[in-house]
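Quick heads-up: structures coming right below.
In what follows, subunit A forms one complex with subunit B and a second complex with subunit C.
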Partner chain A sequence: MAESVESVDVAVREEPGAVFVPRSRVVEGVRAYGLIVAMWLRSTMAYRTSFVLTTFGNFAATAFDFVAILLMFSHVDVLGGYTLPEIALLYGSAGTAFGLADLLMGSMDRLGRRVRDGTLDTLLVRPVPVLAQVAADRFALRRLGRVSQGALVLGYALVTLDIDWTVAKVLMVPLMLLSGAAIFAAVFVAGAAFQFVAQDASQVQNSFTYGGATLLQYPPTVFATDLVRGVTFVIPLAFVNWLPALYVLGRDYPLGLPDWVAFLPPLVAGACWAVAGLAWRAGLRAYRSTGS
Partner chain B sequence: MVRLYAVVAAGGFRRYATYRIETAAGVFTNTVFGFILAYTYAALWDERPQLGGYDMSQALTYVWLGQALLMTCVMMGGGFEDELIERIRTGDIAVDLYRPVDLQLWWLAGDLGRAAFHLLGRGIVPMIFGSLAFDLAMPGSPGIWVAFLVAVGLGVVVSFAIRYLVALSAFWLLDGAGAAQMSFLAGMFFSGMLLPLNVFPGVLGEVARALPWSALLQVPADVFLGKHTGWGLVRVYAFQASWALVLLLAGRLLQSVATRRVVVQGG
Partner chain C sequence: MGVSVDTDTDFIELDGVEKVFDVRRRTGFLRSERREVRAVDGISFRVGRGEMVGYIGPNGAGKSTTIKMLTGILTPSAGSLRVAGIDPSRERTRLAQRIGVVFGQRTTLWWDLPLRDSYRLMHRMYRIPDDRFRVNMDRCIELLDLAELLDVPVRQLSLGQRMRGDIAAALLHDPEVLYLDEPTIGLDVVSKAKVRGFLRDLNAERGTTVLLTTHDLTDIEQLCKRVMVIDHGRLMYDGALAGLHEVGESERMLVVDLERELPPIVLESEHSVRTVKVEGVRQWLAFPASASAAPLVARIAAEYPLVDLSVREPDIEAVIAKMYASASGL
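So, the complex of A and B:
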């Protein structure tokens, strides 16, 4: 703490009028994000009962999705050629990755409302990156419900499945979850950028976030080849879990891609972030306040 | 008096019709989810043809009916009750109670207008997309279409009656979020939105089919698929109408208890 006070002094002395330490935008953004999140956490914890209930609700809402899959498996032994534990691996990995992204960036879909009612202007005048402010806005810890539900199903899958574990496969699981969360987070940012242009169309984003998470719960063999191609090459959601999880399961991906493609998720996530970042900048620059 | 409620209903219709981009975005989302679900159902019915008494094309039709009616019958909750909860919380409800109209009928009229718009604006286009991409079982006779519309109408009233009860809980809880969330969970699961209720096994299936939420999607879908005709149709209408009546009366009862103890906040 003392250190940062000192550096503020230095900054002020060197550059009259500057209040903040010249840090990199990324560090500053992450720090601001953390501060805003901490504020919302304190506010959430003021109503503990409400927090526990809504977290449970969040957990239950996604758990019903899995109950529907269990009900399906009360009638069949395989779905699209996949057994229940195999589908549980897909479900759990998609659920955990999406849940993490939703926890960290899920507030982005409120941007359209802020543009409409003009409260976005408040964020623009603060000396903090707008992206960090929008992402941390109304940070909802209750979304841990979704993460934990996904993680439970994933745990069930890993315990039940008879996998021929190798070092690469063991490493693949955390890699898959982290890059998957990053890919979904990029979708949230890109979707928010789109809301600068069409504020009323925030629902379109749900097709790719919630819709994508639902899609990835099922094996790719269930879907038409063109749809699988679309989510592999156009909107690369297949890299969230389909490609890495099928590698862990030792299954072939329907499009006949080489094995090393399963290791691409971190690169794909990086590319998604680059595209989403550009879209965000373009959107923010194009923003015109209503001025009312 | 009837004229007044007709005007309120027309207002409900126009209010939602104003947001064209939002409607288009909603249609897009319904269509995407329709595609995803249709493929998973196709995989299920591929393994077990005739599951739940549906053949493949009937199962796929069920998926698209679900997307078409999702907003009309408000299976996920949300809509007028959020507004009513907010009015109860802020105390604006006092103004509503002072008006020379019936509170329940006022909101019902508005919700019927909204439902009519959502059926047209959010129902038809996804259904067309669905029937272009998949082989759906469309009704052959105009009589079934009419019967389907009646079933949807009754479903909307049942849906309204449930959500009205949820909203009134705010008189006691002040924050209606918990009740709204429970209603969302029950609606999503027991309406048959995730999986048709006649695929639910054993006792769970029997209970689910007897609950009011089955009036929102399962009954209208079965009417659409021609599963209920003649006296069977009368029986399912009676099922929907009795739930509507019971829940609406429960709403009135709760309303009279609530208004007797209402203490308006503010000052």
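So, the complex of A and C:
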């Protein structure tokens, strides 16, 4: 164990226990996340073949999903008033945003199991934020398979669609993906926070994350108004891709929402993170007072 | 009762610490019963820097709950608690730099990764200076026999190997105090001896404060001068191991072999001595652990045809069981 460790960060070192330098919990969390992810990447790369195969498997599994949509369009020309490239835009943006969130925070849904078997305690005695440790645990790069599938479909849509591009519309695409990923990530965190209270709730969380991502792959016009209202105002999944994508497409918004809502996703993502962060803190506090 | 401790060096301080859990038991589809469980019910003690203390008690007595409060995992319901001057529940991550924790039942290592990777991560996570890390690592590798194990994924290690790996992981950042929750549980005799030897040296050479919970009283006998006994969330005893016998009113046993079968030995004026068992020529006499065996042996030798004898020390387990029994009888 004498060789030095490959450096992934340039953080200042200090004597442990000697002087405590208060650091922002966010900075500390991101640093710890990076350290743990780096360790898992190194371990993943020790088995390259296995990594390539599982990533391809991940890609193929999600790709079949889109094949189903292609088959559907071999019988109909429009779905809920949307053409195949338009659906592809929705599908690709939801898939990419969700894939990114799943790649970065997908491990959060193991929290319930950690609470049940008591291994969460081992994270609580380490000098870094618990959220970062849970999120980075077993970081699985194979989830890139899902991201790349989403990105491919999105690329196909952007190339095929006849869009009257403006600066705002061009900027809207990355904005949509990043905000969307952040919203999904917040849902992962909030779902995990809920598992502090109900340890078997990972399926509830999945219905919002995986279920939400599937929902957003189709245009809002195919769903009942109440459902659309729910994912707009209650769990703001509509801001992941529906509203920004409809703006890019120049389509009418559901529920008669005004034009400018397409630019809200970053704010909505911020609000989601604030709520998820509070939920996480409350969950952790509840755990530490009950120990179960 | 109680070991005098220089108050200037108090390292761990507990004052009237309580931990109350609300336990919900489902009684119907939606109905549930709430019950209060006082896992720790007003515990106060002090541990000085460099002490090595055993913390014992039956299952569910509150040992682990105490350790969890001392590490900041659990927030106490009442009372005050300080470790190195820090309130563990308020400044958990700050305290983490200064403590080491070993849970016998679960590992703090990364299950799927080789030991080496776990240590590497600890190095970065705790911001351990390179030279210090190397020195500590080499020391642990040598004393805990880890050289062969470094490249083995943790899940493939035996219980004893994993425990040694866990102890090393808890010490790489030079903690001032080491908590061990059942460190020898499930280990074979050789592994137990190795772990105990290491802990003894750690305490002697580095002055690391050690608090360990255990079921195995040999751990305490071999490691700790001071022992604390907890039951039903209350501290029943805090003091030297030897004093535990007096509190538990324990008895020693004199086993004598006579020349021939005789009725049970009766010694006039020795009321505290009882003949508890007769088996052929062999007889068992119980007498208080605090009394000397010499006058007793002299009298028996004078009055009976004595062939051979031996004195058996009391079993601590029996002592504690007796203490529990007398306490619950109150």
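Note that in this section the second predicted complex is superposed on the first by the 266 of 292 C-alpha atoms of A that agree within 3 Å, B and C clash if a C-alpha of one lies under 4 Å from a C-alpha of the other, contacts with A are read in each partner's own complex, and residues count from 1 in each chain.
Basically, contacts are C-beta pairs under 8 Å (C-beta built on N, C-alpha and C of every residue); 3 or more make two chains touch, one makes a residue touch a chain.
Being a predicted model, the structure only gives us computed values, none of them experimental.
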Touching partner for A:V159 - first (subunit B), second (subunit C), both, neither: neither
Touched partner set for A:V67, first subunit B, second subunit C, both or neither: first
First (subunit B), second (subunit C), both or neither touched by A:A224: first
Touching partner for A:S43 - first (subunit B), second (subunit C), both, neither: second
Touched partner set for A:V128, first subunit B, second subunit C, both or neither: second
Partner chain(s) touched by A:A198 [first = subunit B, second = subunit C, both, neither]: first
Which of subunit B and subunit C A:V234 touches, first, second, both or neither: neither
Complex interface listing, subunit B residues touching subunit A: 19, 21-22, 24-26, 28-29, 32-33, 35-37, 39-40, 42-44, 47-48, 51, 175, 177-178, 181-182, 184-185, 188-189, 194-195, 199-201
Subunit C-touching residues of subunit A, taken from the complex the two chains share: 1-2, 4-5, 8-9, 11, 13-17, 20, 28, 32, 35-36, 39, 42-43, 117-119, 121-122, 124-129, 138, 285, 288-292
Residues of subunit C touching subunit A in the complex: 21-22, 65, 68, 71-75, 77, 89, 92-94, 96-99, 101, 103, 105-108, 110, 112-113, 116-117, 119-121, 123-130, 134, 137-138, 141, 150, 173-176
Residue ranges of subunit A in contact with subunit B within the complex: 50, 53-54, 57, 60-61, 64-65, 67-68, 71-72, 74-80, 198, 200-204, 206-207, 211, 214-215, 218, 221-224, 227
